[in-house]
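You will see subunit A twice below: alongside subunit B first, and alongside subunit C after that.
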Partner chain A sequence: MNSLIPLFIILPLATAILIMLFGRLAKVLQKALPSAVLLFLTGLSFYFIISWDSGIYIYEIGGWGPIDNIPISIYFVLDGLSILMLCIINLVGFLSGFYAISYIKRYTGENKFYALFCLMIAGMNGVVLSGDIFNLYVYLEIAAISSYALVAFEVEKEKLEASYKYQVLGCLSSFFILLNIGLLYWYTKSLNIADISRIMEASANKNLIIFIQILFIAGFGLKAALIPFHAWLPDAHSSAPSPISAMLSGVLIKAIGIYLIIRLFFNMFDITYEIALLITVIGTLSMVIGVLLAIGQWDMKRLLAYHSISQMGYVIIGIGIGMLILAKGGNKSWAALSIAGGLFHMTNHAVFKGLLFLNAGAVEYTTGTRNLKELGGLSGSMPVTSSTSLSASMAISGIPPFNGFFSKLIIIIAAAKAQYFLLTFLAISVSIITLASFLKLQKKTFYGKLKNWNLNKIKEAPFTMCFSMIVLAILCIGLSLLIIPGIRENIMIHVVYTLINKSNYLLILSEL
Partner chain B sequence: MTTYLLCFVLFLVGLFGVLTKRNIIKIAIGLIIMELSLFMFFALIGYVDNGIAPIIVEKTENTKFVDPLPQAIVLTAIVIGLATTAMLMAIAIRLYKKYNTFDIRKIANLKG
Partner chain C sequence: MIGMTLILKKINQLIVGLIFLYGIYIITHGHLTPGGCFAVGAVIAGAFFLLVLAYGSDILKLRKREEGSSVAESTGIFIFLVLAFTALIIVTRIFFTNYLPKGITGELISSGVIPLYNIAVGIEVAAALFNTFLALYL
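This part shows the complex of A and B:
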């Protein structure tokens, strides 16, 4: 298992370079290769999750062992949270790549699209595997820079503007993160996450650590578009081509924003009450304000983008309540429940938000517009898009048999058990407003009166697009199986216990 | 200590430029200034008084070396910075071709 870890980075990187060099010569190669590679990686990550025995696996790049117990090499660390993230990234990546085969035909420069797409996947896989804080920064920049280019892929006025805005804010957040890496190296003389954690436990300069933590929240908050830092997200996510919107909203903001907040604040820093409170407040703000901003939107993709902010708020309050309980020394099992709810909602959000963006893409592909005021009555002529979109809408607004219901329920129960009744109330009411907003989306797009379209022109999307949408719609129901006791203990609980027991993560130092 | 402070002042100068300037090229220059101040910060972290380059040959047991790791980090970060700057400039040129202006007040179709 250890020797398979680097494949997650090598394969997409090699694919990107191959497509850049030979993509124009072999048109079939550039279309089939990314999907094939990503399918293989999806299979590999599911093999990991099935055969995982709750241990932590390490790969040393170049085989440099530690000297005097100080790790000098770069490590890839594979633990529960990394495996979960790898599954999400590669699955949504494969489905978006397969969807793109039909969707991206009308653009020029297809080979550049696929090359950038593979680069982005390689960067995200690197971020979730890296156990070294500077190596993590390098992969984060690979993913971010390729996403800047992909947002501007259509090269029109609005897309360029959105991409520029995204780049300026993205660069700022990268500099905050780089400054933090410098400060951490200055203070601890180490770049390995576990090693930094061990050194900071021994000698803590409290003021410096609080400064670093707040800068990290600003940096990763900008990448994850939490509410005070959200200005770029609706523009960037609605300007990108639809498969890329699905990747950005479904995966990128989690892999380089939320995942890193979770990883660093649980495994590197000690949890303090003030920071936990700050994270919970930011999460609550994004949950409430995101959904309020989404109500008035008439552009389909902008509406979905604002809902991404709101749903990320749910994930963050799940994590934040867990941190608050742990910091106050409360009941550990409620903290674990709350964190599990957050992680479960993150997994679910990748599936249903990816699906909703792919639906928006299919509607735009056939009708040429995504303005809700011009659409209507498409359910008859586009049955697959309509039904998959309905299931995703029910999942995001929390209707019982779908996965979104269970994850929201877990977060709400945990909030009530921890006696944060205001949060409980807000989480329930935001869920109701989300339902209202998606009823509007469904009614204006797929039901209601048929507008004066040329009916012969409107037909169902091509096969590859339908395939991706159907698989994701099945997953919308299928993921609720994760709540069943046997499966729950195998996956979610292990992931959470590696997170909240920091000493588990520090074990990698002794295994070297 | 003064050098560290000057470095931080340079970082703030860049941040000020990004926040107040209205010209997209000047915003990009502000970002580049921030980036360079960070590179200098990394170089300062590795600096040791009277240290020499860490090349181990004979008879160097008791000499002081500077820390080579921040230098390696800076080299990597410069390459990343090159990619970021190239991307910013490419988009800026495309924006100028579409709008015929660098003023962000006139390039404001989207309201995030």
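This part shows the complex of A and C:
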């Protein structure tokens, strides 16, 4: 298991380079290779999650051990949360890549698309695996910079503007993160997450650490588009080509935003009540304001993008409530339940939001528009798109038996148990508003009167697009199985317990 | 773009070769002296910039996007990755291990794979900078 870890970075990186070198010579290569590689990595990550024995695996690059107990090398650290993220990244990546085979045909420069796509996946895998903050920053930049280019892939006026906005705000957040890394290195003389954590436990300069924590929240909040920092997201996610929108909204904001907040605030810093409260408040704001902004949207992808902000709010309040309970020294099992709810919702969101963006892409592919005022009555001619989109809409608005219902339920139960009744109320109301918004999307797109389209022109999307959508729709129901006690205990709760026991993560220092 | 005056062209002829040689010198001594692959990339790309600026892109028949330099760019990274990957699959089963004999410290041929990595990164950086230059200049 250990020696397979670097493949998650080597293979996508090598694919990107091979496509740039040989893609022009063999068109088949550039289409088939990314999907094949990502399918393999998906299989590998599922193998990891099945064979995982709640241990933490470490990979020393170059075989450099610690010298005088100082971990000087680059380490990959694989624990439950990383495995979960790897599954999400590579699965959604594979399905988006497979979808893109038909979708990207219309554009020129296909080889650049696939190369950037693979680079983005390599970056995200690296972020998830990296065990020290500097390499984490490097991989984060690889993922972010390739996403800037991919947002502008269609090279039109609005797309370039969106990409530019995304770049400016992205650079600002990278600046915060790098500044923080500098401060941490200056203060602790170390870059390894576990080592920093150990040193900060020994000697704490409270004010500096609070400053660093708040800058980290700003930096990662910008990457995750939480509410005061969300300005770039609706533009960027609606301008990108649809498979990329699915990747950005389904995976990227989680891998380089939410995941890092979870990882650093649980495993590097001590959880304090103030920071937990701040995170919960930001989560609540995102959840409520995101959905309110989404109601008035008539552009299909823009609407979905605002819902991403709102759903990320759910994830963050799940995490935030867990942190609040832990900080107050409350019942650990409720904290674990709440965090598990957050992580479960994150997994589910990757699946259903990815699917919704792919649906939007299929609608745009056949009709050439995504303005809800011009669409209507497509369910007859596009049965696959329509039915998969219905299941995803039901999942995001929390209708049983779809996966979104169960994850929201867990978060709501945990909030009620921890006696945050306002949060409980808000979470339920936001879910209802989400339902309203998605009923509008369904009615305006797939049901109602057929507008004056040329009926012969409107066909179902090609095979590769349908395949990805169907697999994700099956997963929308299939992931509900994670709620069944046996499976839940084995996967989600396990992941959470390895995450919240900070001493567990610090053990990796002794294993080096 | 047309080129510059005869004086500049002549001076260019004199110094570009030296700059290029200096780049090669640093790249081969990257593991011994300060400065390594990235600095070399900048120096070698600088030699090319001078040529293009002095002679103009018309005589050199340059286009906004040169096949050669972008292929060189990809090849640089590819060599790097193959060198690192060889360690994983053939030699020590650990990614990025230094698997060649280390030699005597201070000799030109020493420190295992590191000079090879330096050369690969040097090619990559030089080609990438040259590509950027072409995209901005032409």
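In the analysis below, the second predicted complex is superposed on the first by the 512 of 512 C-alpha atoms of A that agree within 3 Å, B and C clash if a C-alpha of one lies under 4 Å from a C-alpha of the other, contacts with A are read in each partner's own complex, and residues count from 1 in each chain.
Operating definition for what follows: contacts are C-beta pairs under 8 Å (C-beta built on N, C-alpha and C of every residue); 3 or more make two chains touch, one makes a residue touch a chain.
Computed from a predicted model, the values in this text were never measured in an experiment.
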Query: Does the subunit A-based superposition show subunit B and subunit C clashing or fitting?
result: fit
Message: Tell me the contact category for A:Ile433 with respect to subunit B and subunit C: first, second, both or neither.
response: neither
Message: By the touch definition at the top of the document, which applies to A:Val138: first (subunit B), second (subunit C), both, or neither?
response: first
Query: With the two structures laid over each other on chain A, which partner does A:Leu13 touch: subunit B (first), subunit C (second), both, or neither?
result: second
Query: Where does A:Ala26 make contact in the superposed view: on subunit B (first), on subunit C (second), on both, or on neither?
result: neither
Statement: In degrees, rounded to a multiple of 10, the angle subunit B-subunit A-subunit C between CA centres equals 40
Query: If you stack the two complexes on chain A, which partner ends up touching A:Leu208: first (subunit B), second (subunit C), both, or neither?
result: neither
Message: Tell me which touches more residues of subunit A here: subunit C or subunit B.
response: B
Message: In the superposition on the shared chain, how near does any CA atom of subunit B get to one of subunit C? Answer in angstrom.
response: 7
- request: Name, in rising order, each residue of subunit A that touches subunit C in their complex.
  value: 3, 6, 10, 13-14, 17-18, 20-21, 59-63
- prompt: Any idea which subunit B residues touch subunit A in the complex?
  reply: 11, 15, 18, 24, 27, 31, 34-35, 38, 41-42, 45, 69-70, 73, 76-77, 80, 83-84, 87-88, 91-92, 94-95, 98-99, 107-110, 112
- prompt: Inside the complex, what are the residues of subunit C that reach subunit A?
  reply: 70-71, 74-75, 77-78, 81, 84-85, 88, 92-98
Statement: Interface with subunit B, subunit A side, in the complex: residues 134, 138, 141, 145, 148-149, 152, 155-158, 160-165, 167-168, 171-172, 174-175, 178-179, 181-182, 185-186, 191, 230-235, 239
